[in-house]
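Could you have a look at this structure, given as structure tokens, before my questions?
Going by the order they are written in, the chains are A, B and C; count residues from 1 in each one.
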Amino acid sequence: MPGKVAARLAELKIELPKAAAPVANYVPVVVSGNHAYLSGQVTVWNGDFQFKGQLGKEFQVEDGQKAARLCGLNILAQLQAALGDLDRVRRCVKLNVFVNSTPTFTDQPKVANGVSDLMAEVFGDAGKHARSAVGVAQLPLGVAVEVDAVFEIA
Amino acid sequence: MPGKVAARLAELKIELPKAAAPVANYVPVVVSGNHAYLSGQVTVWNGDFQFKGQLGKEFQVEDGQKAARLCGLNILAQLQAALGDLDRVRRCVKLNVFVNSTPTFTDQPKVANGVSDLMAEVFGDAGKHARSAVGVAQLPLGVAVEVDAVFEIA
Amino acid sequence: MPGKVAARLAELKIELPKAAAPVANYVPVVVSGNHAYLSGQVTVWNGDFQFKGQLGKEFQVEDGQKAARLCGLNILAQLQAALGDLDRVRRCVKLNVFVNSTPTFTDQPKVANGVSDLMAEVFGDAGKHARSAVGVAQLPLGVAVEVDAVFEIA
């Protein structure tokens, strides 16, 4: 029987990407006490890097929102792989949203809404998180958005 | 009867801004266990965005310090709104200070002192925090500084 | 009798720098519950700031890895000073790696491996952490890399 969150994902027709294993000396998720700390997730779908470019140059707000949402799908995929069951999530505590930005792009909050909305859709009130959104000079492989996270878990 | 921290704020003649509610799917403060995680606070005073510009261009160090202090006042306002009473603060654990910087501005620590000094004034030894200060390419609405925080609370 | 981690450092011939005290209203390490939060550490060796410059301009990937490793050595030095004994480390939970990057440098993960590898060498499986690596516009004093951290401690 699928868990509540898995059922909710199915209801929303949200498919998760494969949880990619880092090829270096770090891990996607560390569980410490009743918190899960997630490595920065980027815009990758089953090994295919998408949304390569900067906000304010190659991409505008709507693209950035899709990119942020894709980071969030990878966060969910990594959590599911690490926890076994997303029903163990008690709260999305904090999201840090790093937006690859030209020196004049200032709509980081709108971009970040792409991942904030996803958490609210999937977890309801438990998805309402604290958040920072900043504009960085570049990101790994030139992707548009990177998001890391802290979750409270059971 | 006002709490100790409220009395200290009055003694220092520090007025807090209104705690602004985000207009998106996130919240200013998440309490998880005995920690409060704060969303990135920017340079806003009761809805009026101030200090729009970059360090090294529109602003120099002293402006940046005032901007960082204003972020800190918003952190305190959000904490008070979320906790009911700032006396519940046991420790300012961590501040992340994001400074909107030109590619040549390197005084992020001096700018960050604006908010670090505020925490020390208000909380004394309990205000002595761990801190990161980095120079980012841009920030929401073009503001000069954004600060997020973790507090230990009772 | 030296602790296990101290013996491991000696075996690896890893020397730690002096733990520098901040000259402002913040501290290198805050212990809250069973976690230690570290201030952003930069590329300094006993007061001598090294690796001043940007990745993609003054520095390439290999220099950046050395810079990131030096940040990590300062993290270990600060932890040892704060905890008394590195054997109290239960897990390196999270590293945030800020890489001073030109707008076209996209190898932040390779740079970050410099500090990730150090944690794995010193702590083994307990050194496997969650990680974010982003490219920032500038860093304090113009250094190439800044790293902050959360550790679980006994």
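Keep this in mind: a contact is a pair of C-beta atoms (placed from the backbone, for glycine too) under 8 Å apart; a residue touches a chain by one contact, two chains touch by 3 or more.
Just so you know, these numbers come straight off a predicted model, no measurement behind them.
K.L.:
Compare the two sides of the chain B and chain C interface and say whether they are made mostly of the same residue numbers, over half shared, or of different ones.
P.N.:
different
K.L.:
State the superposition rotation angle between the two copies chain A and chain C, fitting on C-alpha atoms only and giving a multiple of 5 degrees from 0 to 180.
P.N.:
That pair's rotation angle lands at 120 degrees.
K.L.:
Averaging over Cα atoms per chain, report the distance between chain B and chain C in Å.
P.N.:
Centres of chain B and chain C (C-alpha means) sit 25 Å apart.
K.L.:
Out of chain B, which residues touch more than one other chain, so two or more?
P.N.:
33, 96, 102-103, 136-137
K.L.:
Mind pulling up the chain A residues that touch chain C in the complex?
P.N.:
Counting only chain A, the residues touching chain C are 22, 24-30, 32-33, 37-40, 54, 96, 98, 102-103, 136-142, 146, 148.
K.L.:
Residue numbers of chain B touching chain C in their complex, please.
P.N.:
Residue positions touching the partner: 33-35, 91, 93-96, 101-109, 112-113, 116-117, 119-120, 127-137, 150, 152.
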